[in-house]
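To start, I am sharing the structure in question, which I have written as structure tokens.
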Amino acid sequence: YELQVSDGYQVGRVNGLAVMGEDSGIMLPVMAEVTPSQGPGQVIATGQLKEMAEESVQNVSAIIKKFSDQNLAEKDVHIQFVQTGQSGVDGDSASITVATAVISALEDVGVSQNLAMTGSLSVRGDVLPVGGVTHKIEAAAKAGCKTVIIPKANEQDVMIEDEYREMIEIIPVSHISEVLEVALEGEGEKDSLIARLKSITGSALQDGNVAGPSSPSPQ
Amino acid sequence: YELQVSDGYQVGRVNGLAVMGEDSGIMLPVMAEVTPSQGPGQVIATGQLKEMAEESVQNVSAIIKKFSDQNLAEKDVHIQFVQTGQSGVDGDSASITVATAVISALEDVGVSQNLAMTGSLSVRGDVLPVGGVTHKIEAAAKAGCKTVIIPKANEQDVMIEDEYREMIEIIPVSHISEVLEVALEGEGEKDSLIARLKSITGSALQDGNVAGPSSPSPQ
Amino acid sequence: YELQVSDGYQVGRVNGLAVMGEDSGIMLPVMAEVTPSQGPGQVIATGQLKEMAEESVQNVSAIIKKFSDQNLAEKDVHIQFVQTGQSGVDGDSASITVATAVISALEDVGVSQNLAMTGSLSVRGDVLPVGGVTHKIEAAAKAGCKTVIIPKANEQDVMIEDEYREMIEIIPVSHISEVLEVALEGEGEKDSLIARLKSITGSALQDGNVAGPSSPSPQ
Amino acid sequence: YELQVSDGYQVGRVNGLAVMGEDSGIMLPVMAEVTPSQGPGQVIATGQLKEMAEESVQNVSAIIKKFSDQNLAEKDVHIQFVQTGQSGVDGDSASITVATAVISALEDVGVSQNLAMTGSLSVRGDVLPVGGVTHKIEAAAKAGCKTVIIPKANEQDVMIEDEYREMIEIIPVSHISEVLEVALEGEGEKDSLIARLKSITGSALQDGNVAGPSSPSPQ
Amino acid sequence: YELQVSDGYQVGRVNGLAVMGEDSGIMLPVMAEVTPSQGPGQVIATGQLKEMAEESVQNVSAIIKKFSDQNLAEKDVHIQFVQTGQSGVDGDSASITVATAVISALEDVGVSQNLAMTGSLSVRGDVLPVGGVTHKIEAAAKAGCKTVIIPKANEQDVMIEDEYREMIEIIPVSHISEVLEVALEGEGEKDSLIARLKSITGSALQDGNVAGPSSPSPQ
Amino acid sequence: YELQVSDGYQVGRVNGLAVMGEDSGIMLPVMAEVTPSQGPGQVIATGQLKEMAEESVQNVSAIIKKFSDQNLAEKDVHIQFVQTGQSGVDGDSASITVATAVISALEDVGVSQNLAMTGSLSVRGDVLPVGGVTHKIEAAAKAGCKTVIIPKANEQDVMIEDEYREMIEIIPVSHISEVLEVALEGEGEKDSLIARLKSITGSALQDGNVAGPSSPSPQ
């Protein structure tokens, strides 16, 4: 089942990146949908998430609840790490992937399908460093992606081989608004989304020096 | 207790398929009913579901909540994997079976009883690949089914013996709307259901290239 | 403590049947009561129920919620497997016993006390096969019951000794409405209950061929 | 700390009886209070209750909810097995003790303090047999009680020594209304409580032949 | 970090007493605060409470809910066993300490800081015996307390050395209202609080003979 | 990933301090955000918090709920211990860090980024002693902080080397209002916040002698 990358845009589907074993990466899509709720609104994540991954979804939900101009109290947010199997999902490096998939589903705006991304997220929208960026970038390139988003704090860790340098553009970011700028389809609607996102997390951005933490998350 | 296949239609009952051990399949029906709730509406699944199967029910619920034109907030959705015994249900390959049973119960439309199906489901309606398709198709044929639905991404995996080729028609699908097109009874009402289903998950379908994931689910 | 069978009718009390060890049966009553709830309405089952037994209560609740013309949202349904001790209740073969006890309590209609029953139940009212029918029938006869209800799919499994054949009438059934036809007291009110029950689960009955599953439940 | 028995009446306090080890009994008081709730009304039982004891409290709650003419939805029912220590409470033989303590607290009617009692309870008000009655009766006599209530189905099990026969009156009962007739203070108010209790569980009493189960509960 | 005892009064802070190991006591403060709730009102206790300690908090909550003339449905009651570390809190002998701290916080009335106390509590306000009173009294004296409250049922257990007899006054109590009489600041407001507390638990007090249980709680 | 300290102010981000192993400290930021809730308002803390850390968040929430002039019933409070990895967060010494981050987010007031802090918190606002202050102060100095807040009760424990004495100012505090006085940006708005905080926890402050507990928390 070769995972093929298409050129168009798709709503609620974003290519994430994970590390497998010691020295290889893999591209894993995340899908999201927002539905009417049955009971109180919930964020429901599937794909055998381990503890840190569950917590990363809670961190992402802070951004989503703050961002949404819909009332989420009567909505369920479904997040699916697609067919991760029994091994499941560990770590928090898919945080920006999840955030992008949910915002795409909420706003019905397409996400570029030849783009992949990795990055942890603070509850205030900062993109925080992750582990394994080199292997992840190579996996994105091999899968046919033209662009890959990584945390700015990981720029120094990129040591990919030259053959990949030409295949894929690497975009370092430090805030979730920059992720959406790259990932979302369209212009006018996108710009207004990003402006809204910046305004709710504005104070974090204002002086441009969000110091990263002292150690990256493992995956 | 030979499981006999009948020719008619039945509401809320769909033939699923599972793999037993290494190299044989089995047909296992799924039944569904929708009732008034006591407390907040719930999705209640029985049959000793293991973790991945529980999560597959949560993924299916995204489609159901989005699809239903009834308010599910005061309804319970009951899903019963019939008499699976102590061994229970594993994996997510019954997702389209569950979705079909629940939509049949919700809408009071019959499902063909000489049809069996296997397939995983994304929260946006994509039918994703599963494991063991060859054994499952043979089990459906042996049980007397005339038609079997499999994920389009599994087409290449079908290696059934010639004797079965003549007994059973194999229909590959890539979206839940195609499953319902084959499974549901009637014409007019069915078409309107399918149109509604396509409209709620339309963006996923529009460009026809929902890339499957890199590995099938195990069961 | 010989369990004595009386001839009259009693509300909310039904004789169930279980298998003990390898080759003997036992009669175990189930009692039910419906009360105002404190918080959101609940189904509360006691008697040290193991997992499959808990799930069978959830399946029964689908029938009850659909059937009740009272709103169960502010009612609790209490189900008591009487004095089953530390060993508790396993399996799903008391499903029709539980359903009958609760419907009796809900509607304040008596249940025959010289009747015993065994049978699993689908969420749509089908009576499904169980294990150990021969031992169970013999236990009912020994306890002094005049009638015993078993699943139609188990008819072929009955191998009771001749002495019991004369003591007890065996009634095979395939739908919960047939159970109530035999078990409940009275005529007019009973018929209207059964008509109501058939109407809510009618589509399952209409073509009379609810194929049973391929294996019976163990107890 | 000799537990001394007084002659008066007290609201919300009832002497229960338990078996310790193989061959001795102990008197253990149960206290109850009914308060405004914080969240949804709850039944809260303390004293390190083991599973069967927790379930017996749920069974008792069926009687309480049915009986109360106050709405329990905004009330909490507190039940305290006093200072049972780390060993906690097992079995269901304190059910009638708990029921009496709660009804006393709910209705603000005193309970006789030189009375002790043991008995299991069905959700419809039947008093069911328990184990260890002889040791329990002796413990009540030693503690200075003048009266002890036991289940009618246990009458045959009483084998107390002659010295105790003269110290204590043994009252066998088969329904919770008979327990209250003996235990509660006063006349007029008590009679109206008992009449109300009989009316809500009346169908269980009407033909006077509530067959007990085949085995007593262990404690 | 010598724990120093001050002479004044403080709202929501009460000196409790615990036993450490075999033969020494320790003074441990309990703090309480009452706040608006987020969801349904809750009682939240911290300090690594073990099971019996958690249950003692539930027992105390019965008194608090009954006593409060504020509606607790939209309030949270916070109880903090201060810096008990990883070893946490066991047993129920801090019940009267917790009750006093919460009532102080609810009513904004100060508690004497050169007073310490130990005692279990029934859901109806009785002070029940505890273990280790001698070691606890000595710990209170060493810490500089001038007064210590113990359960009346423990009076016979006090075997403190003469040097402590002169340092500290021992006050035995049998009801929570007597604890507050000693502990709270002021006169007029205090008396009205105590009168209210007696009225809600009045029936327990009326005949003055609340028989204690047969064994004290271990800590 | 050297954690760099900046000179400005940032909303919802505070430098905490922890002990690693036996003899070294580390600076760990805490971030907070307050969002509309989906269901009932919740406090959600991530970073693999162990039991004592979870409880310290509950203690902090008492201050927050009392302090907030917004109704928290329809808000979620997100607290993120940033990238603490699999080892997670233990102990309660980050309590004042968490309280400061949440109040900053609630009130949209910046926190000084060249300040670090350590301290436990009572539910009434007292700053309680912690362990490892010397190592923590040195870690703050090494990271470039100009100021560090410690509990007044830990003043006697500070044994830092002379080189650090000149690099960093140590401010001992005994109440959360003093922490905010040092940490928050601005003047007018800050003073009114602090006045409000003092008024809600005023009785604890009034006589200035909040005796600390007898042992510090371990981390």
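Letters A, B, C, D, E and F mark the chains as written, and numbering starts fresh at 1 in each.
Basically, a contact is a pair of C-beta atoms (placed from the backbone, for glycine too) under 8 Å apart; a residue touches a chain by one contact, two chains touch by 3 or more.
What you see is a predicted model; the values in this text were computed from it and never measured.
The minimum number of touch steps linking subunit B to subunit E comes to 3. Of all chains in the assembly, those touching subunit D and also subunit F are E.
Put simply, subunit A has to spin 180° for its C-alpha atoms to lie on subunit D, with the angle rounded to a multiple of 5. In this assembly, the C-alpha centroid of subunit C lies 52 Å from the C-alpha centroid of subunit E. Subunit A and subunit B have Cα centroids separated by 30 Å. Centre-to-centre separation between subunit D and subunit E, using Cα means, comes to 30 Å. Touching of two or more other chains is recorded for residues 39-40 of subunit A.
Taken pairwise by the contact criterion, the protein chains form one closed cycle in which every chain touches exactly two others. In the cyclic arrangement of chains, the order starting from subunit A and heading towards subunit F is A, F, E, D, C, B.
Within the complex formed with subunit A, the residues of subunit B that make contact are 39-43, 51-52, 55-56, 58-59, 61-62, 65-66, 68, 71-73, 75, 92, 120, 122-124, 126, 128-129, 153, 203-204, 207, 209-218. Chain contact summary for the complex, subunit D toward subunit E: residues 1-6, 8, 10-13, 26-29, 31-33, 35-40, 44, 46-48, 74, 76, 78-80, 82-83, 85-86, 105, 108, 110, 113.
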